[in-house]
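Structure incoming, see below.
To keep things simple, chains are lettered A, B, C and D as they appear, and every chain counts its residues starting from 1.
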Amino acid sequence: MQRSSERSSKGKGTSVWAEVAARGTPLAERLRAVRDVTRNLAEPLSAEDCAIQSMPDASPVKWHLAHTTWFFETFIVSKAAPERAPFHPAFRVLFNSYYNAVGEKHPRPQRGLLSRPSLDEVLAYRAHVEDALLELIAANRLDAAMLRLVELGIQHEQQHQELILTDLKHMLSCNPLKPVYRKTWPLTSIQTMPAAWIRVAGGEKRIGHEGAGFSLDDFEIASRPVTHGDFIDFIEDGGYRRPELWLSMGWDTVNARAWEAPLYWEKRDGEWHTFTLHGMVPVERNTPVCHVSFFEGDAFARWAGARLPTEAEWEVASQRASPEGNFQESGALHPLALREAPAAGEIAQMFGDVWEWTRSDYAPYPGFRIAEGAVGEYNGKFMVNQYVLRGGSCATPASHIRATYRNFFPADARWQFSGVRLARDA
Amino acid sequence: MQRSSERSSKGKGTSVWAEVAARGTPLAERLRAVRDVTRNLAEPLSAEDCAIQSMPDASPVKWHLAHTTWFFETFIVSKAAPERAPFHPAFRVLFNSYYNAVGEKHPRPQRGLLSRPSLDEVLAYRAHVEDALLELIAANRLDAAMLRLVELGIQHEQQHQELILTDLKHMLSCNPLKPVYRKTWPLTSIQTMPAAWIRVAGGEKRIGHEGAGFSLDDFEIASRPVTHGDFIDFIEDGGYRRPELWLSMGWDTVNARAWEAPLYWEKRDGEWHTFTLHGMVPVERNTPVCHVSFFEGDAFARWAGARLPTEAEWEVASQRASPEGNFQESGALHPLALREAPAAGEIAQMFGDVWEWTRSDYAPYPGFRIAEGAVGEYNGKFMVNQYVLRGGSCATPASHIRATYRNFFPADARWQFSGVRLARDA
Amino acid sequence: MQRSSERSSKGKGTSVWAEVAARGTPLAERLRAVRDVTRNLAEPLSAEDCAIQSMPDASPVKWHLAHTTWFFETFIVSKAAPERAPFHPAFRVLFNSYYNAVGEKHPRPQRGLLSRPSLDEVLAYRAHVEDALLELIAANRLDAAMLRLVELGIQHEQQHQELILTDLKHMLSCNPLKPVYRKTWPLTSIQTMPAAWIRVAGGEKRIGHEGAGFSLDDFEIASRPVTHGDFIDFIEDGGYRRPELWLSMGWDTVNARAWEAPLYWEKRDGEWHTFTLHGMVPVERNTPVCHVSFFEGDAFARWAGARLPTEAEWEVASQRASPEGNFQESGALHPLALREAPAAGEIAQMFGDVWEWTRSDYAPYPGFRIAEGAVGEYNGKFMVNQYVLRGGSCATPASHIRATYRNFFPADARWQFSGVRLARDA
Amino acid sequence: MQRSSERSSKGKGTSVWAEVAARGTPLAERLRAVRDVTRNLAEPLSAEDCAIQSMPDASPVKWHLAHTTWFFETFIVSKAAPERAPFHPAFRVLFNSYYNAVGEKHPRPQRGLLSRPSLDEVLAYRAHVEDALLELIAANRLDAAMLRLVELGIQHEQQHQELILTDLKHMLSCNPLKPVYRKTWPLTSIQTMPAAWIRVAGGEKRIGHEGAGFSLDDFEIASRPVTHGDFIDFIEDGGYRRPELWLSMGWDTVNARAWEAPLYWEKRDGEWHTFTLHGMVPVERNTPVCHVSFFEGDAFARWAGARLPTEAEWEVASQRASPEGNFQESGALHPLALREAPAAGEIAQMFGDVWEWTRSDYAPYPGFRIAEGAVGEYNGKFMVNQYVLRGGSCATPASHIRATYRNFFPADARWQFSGVRLARDA
């Protein structure tokens, strides 16, 4: 059974460039701010919107609201303030995601069967635990290890903010009424930006937050992600009907699920449309393609005479790129087209817009150690049949991403804002 | 994919004994009363409770509220008052159950994915269509055929009242919090009532609303349904582990689904408990067993040296029984024990408490004709792999049932209030 | 997974018209003759042909050869001659079909995994048990009950002769080489025979071997089965694409399995062909259609403005038909066209050619009792979700069939030589 | 559907240490010798043994015999001698494994449905193509590229020799008679050999046949594989019941398939037995454990406080190990215990006995290029969700293996002779 709602966050949990700013902001304030963002994401939604689970891989919004709270209650409040009764004794099981060390858990595919607790009760649960936590911080009752767990909990909450958006999008897309989450639509019409190959020198490199050593050959990487327009060309050239373009398992998947285009695409009157958090819209050729699986990214690359980058290549290349991008905060909630041509040799849109599939499986870096105790389950136990994505997407909080951040999903997953950047040997 | 939320209602749609009374009550008044009951059933529920679908066979309460309204809008209002715009153009598809002649329908297993329309919108839809319909009745704009359809719609709504309760029960049972729908619990402690065999003479009989001829041998039928206590004896005698007691397909089902007791049963501290609409309660030996499949009823009967009655036997026997019983109106929403010993030769609890499985498949009576048009789909198209149940249950409205009423479900269905009465050859 | 390779043989196991002849033939001689037929059926086959199982519903020929022998060894030889060691101790489990009372059984879907025992060993097993049995008969060591079991075993073996042919046909059809079982092809070109409606009077009737009473309305039945040509008309009129023609469950099946024509049909160069035991041949319009499911028969009937006959109707009508027909012995192994026009009022091809689906589920006749002991499992345990077919097919031994013979299969089964005859209310 | 019967053979297809010897042996002679081995493997088997497919992942022996011949016919004979008619026109499709460029292929899960062609015909096919090929070699009609394809075909045939044994073992294991493939049983009783940790220095390394550069930290690796005895300790310590030891997907697999021990294990009278090609035998504690999945290897390592080695670690360590081992030629067809204690610092049993799981996914080395044309499909298209195994097993031909040889299987595969060697950070 597939699952992947949790992401590994190696290191101390602050993004490379946000670190200084973050260090300047008191923990309590950041905690409050991140929690507010989560609540705001749910604000336009009804209790019904928050209760429904549209597939086993996705969770109801209400569950995300509760589970992020459960994390703080279970790992911090209940330990640092054992005198407090839990908000509700059953929540320990009900909102455990997969921490076996914490005990029983409610089965993932049945998260959508819980009409109770109500959304209101879950919001009360949030307030209750948040208050307790802020009180503990204010009273200096948390030691260094506990404070690191608060940092981890903040990161964890930000991961679930992204999942709230992707899971919600999937749920709304199943409704023939194609409901609109946010009415605003920030797309501006712009010119096509041709892709260029940027050469990157290899040699001895260090990657990851703790700098694992790596020896790399020279390679070339595309100056921008594959666009919706590129992908339409692939489709029109029979991309989904030519087995020679696909991994064997990818070809089986294409046939078993009758894929003919990325997730959420529909042809209306001969033109491709796609479902967004702003409703159904025509596919805009100049924006980065998203909602493609590893299999589709790999097949597209083969069709284009290229390949996916390795994780190390991606990270080395990203060191030349601007950390700015189209993140959750822009409100676009959809990949945007480049507005200006990048300078020669510049690598654009590495961060934000779409998570970019790499050809690397999600494996431990050398010397990787799993943390002790239940939190240790947070990393490591998903290190099989998962592929790394890098760079964050339009659903990722800006302060959450960093150049070394490893996201991962199975090769057939499509409901994240996942896209493709090409690479090739130099 | 199996489905069975619709029941055939052969004949003119009034119960044999309620007919006189019903004829006395104006149609508009009855319509209003039945619609009020439906709304009242949903009254203790939150929007979240009404939105969730717990399995493909069951539908969300909100869907039932909308679909029963859709019936009146589609078959009556839109025909008799074509000048009126539909309440919402998408509802024609969204709340169609299976009437292919009406056009597209939303897939049954995805009824639980609809957070929109909201419960409030659905209640507004109900009010809107109800008003239009009452207006048409008041204005005498409905001809005789249309009035018969209103009667059919009332019956249809009552069927869905029962399904609201059974589907809701299933949904709540999936929640580890085991929520309570109604707090009141009407059970009174009473004495065990031993079962007796009642001999019924055969011969030429007429059954069904239109009186199909039938030749019947003498037979014996039990004076009361099988009780929970009887069924515990069966379990303790290894009933679920002895293949010789089961139909071949029943035995496969027992193993594939790991059945060890009726649906909703759980052993707590060595004692059987069951989930009810009043929460988890200990199993009460003297009440009729419910939530058993045809397979379990058949195996129990074999274990007891008896068999299930045929549909004809059941109907002939029922002519000697009182039409009174424990129906939805009692508020018990659970089968009740007999409070007084029946007189010698009396057949007790034929009506209400639990639907009783017969060994007869749901086939047309001789001369059966499918009605013309979309409403014709209402009957007939489920006449394969379904077994007839008779007598109504504690979830059935009293005015809905009648002696000739044929309910039907597949042999493995258990989420209805379905029980067993034994028969044997004379 | 449901299975149904065993047929109930109510009564004493001789056909009504073959009875006199049969009574005249000594049991030993008939036993030897029937056993020889089985062996001859396997004669054109290689060991590999006999070993393979093409689907869970079908068994390898080798298994049929062994299982029919197992029946005689288990129920007769091991009881009447307990001093004899079993041929092989593991065969009791390995070749048990479903007799739970005999003990463990090898799982049905894994019958094709048995490369050992070899075909030669199974043939030796056959000879060994046959010799023992003939010796017991010759020595008068079998009492009346045992002799009845020998009769039952002969009937049982004949049932499996038919299954050898149908299961083999299915297996060969899976091979892209489309192998030929028998080269001879007996079809002669003939004229189309129009169907007529024959009126049959109802009233009090007795059906079944033991004459259960039945009250029947007047009805009409077609003078011949539906032909391949009729069925092509149905297909060309969109029969497989019109939901209103199908039972709800039938329509689901059509879609889930992508049915577009009867089993074994393939369009080659715009013309329908079908796989037969003589290889691929063009579909011949004048022959009775076969390899259709109950669902397809029912949909065809609805399309034709008719219905399937009930079992009682079929049997009453068959009393006016000739018991002669195209059975296994003809060597055609395919339904044949009528060579001469039937006389006015004559009902043709009731026996042989194709089993005819009735609309009646396979339920016990009144007063039906299951036999004691393991042989009792032979009947009864399949009486759910099965529909009765009547009349025998081109794969049925002529001496096996009789007017009261009830065959049964689930509504989606197609690999038997199953066809359709229409009926309608008078 | 997963498949993996083909292995990548990077480079020129001769083993490092066998190269000199091999170069000394003329190609024709080696071809003949390898083809003879294949035929000899099938020699103790009946036509039935060769026809049956026991699961979609495994193929019938007959299919392997034909497919290895198909490779030579399709890629060499039909190209170099186009004047020759193919042996049988349908074989091009029937015995294509997965080369989409060659055209249609028979579905893998249906390879066991082919009773025709018979084993005899397949053997004739083998002789026919072999003769043609030898003739072409003798006549010097093959250019250098074609001769490389012959080498590739020899390697390919050796891979299938191993699969013949593993697939056959699985098929025989499904038979309750537990048939014996070879009677001889070479195990000699020996002493337990304790495992030691061997330290290996890291630094810049080159791995793979073409020497990809790699930077490696120091690490330690076990002096011998995990034994059956070690694995029994794991089982007895609750290894299969402790979720904290497993990858999340591994734990789901353990539960879904009810794994309690390696494949083929059965407890008889309280003692573990296992099925071998010599029949059922008691598990021998001192032999390397085999038939474990990646998931089980990973969980065992976690239990032992260690981890699986990476592919690079394994290869670097193997450079210190003897290339000799227990290969197919020994006739043991089962892992053997060490007979002598290894010298201090020696790494034993790296080659032969069991394939050793690494923690590395099967990904291309830097600069990897897929070969042009149909043969190109031979590599590359399986590079997703596969993990690398190294070192060969007791079923691998000795001349086939080499230190750089990469085998790969999905994380849940168990029917290969797959085992575990532990590693840990230095």
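The definition used in the following text is that a residue touches a chain if its C-beta (ideal position, glycine included) is under 8 Å from a C-beta of that chain, and two chains touch if they have at least 3 such contacts.
This structure is a prediction, so every number in the text was calculated from the model and none was measured.
Each step here moves to a touching chain, and the least such steps from chain A to chain C number 2. One finds 59 Å separating the Cα centroids of chain B and chain D. A separation of 46 Å divides the Cα centre of chain A from that of chain B. The distance from the centre of chain A to the centre of chain D, with each centre set as the mean of the Cα atoms, comes to 38 Å. Within chain C, contacts with two or more other chains are made by no residue at all. The touch graph of these protein chains is a ring, one cycle where each chain has exactly two neighbours.
All chain pairs in contact, by the document's touch criterion: A-B, A-D, B-C, C-D. Residue ranges on chain B touching chain A, taken from their complex, read 46-52, 54, 90, 93-94, 106, 110, 112-119, 171-172, 174-177, 179. Those residues of chain C lying in contact with chain B across their complex are 1-3, 98, 100-101, 204, 213-217, 243-244, 246-250, 252, 294-295, 298, 359-361, 363-364, 366-367, 377, 381-385, 387, 411, 425.
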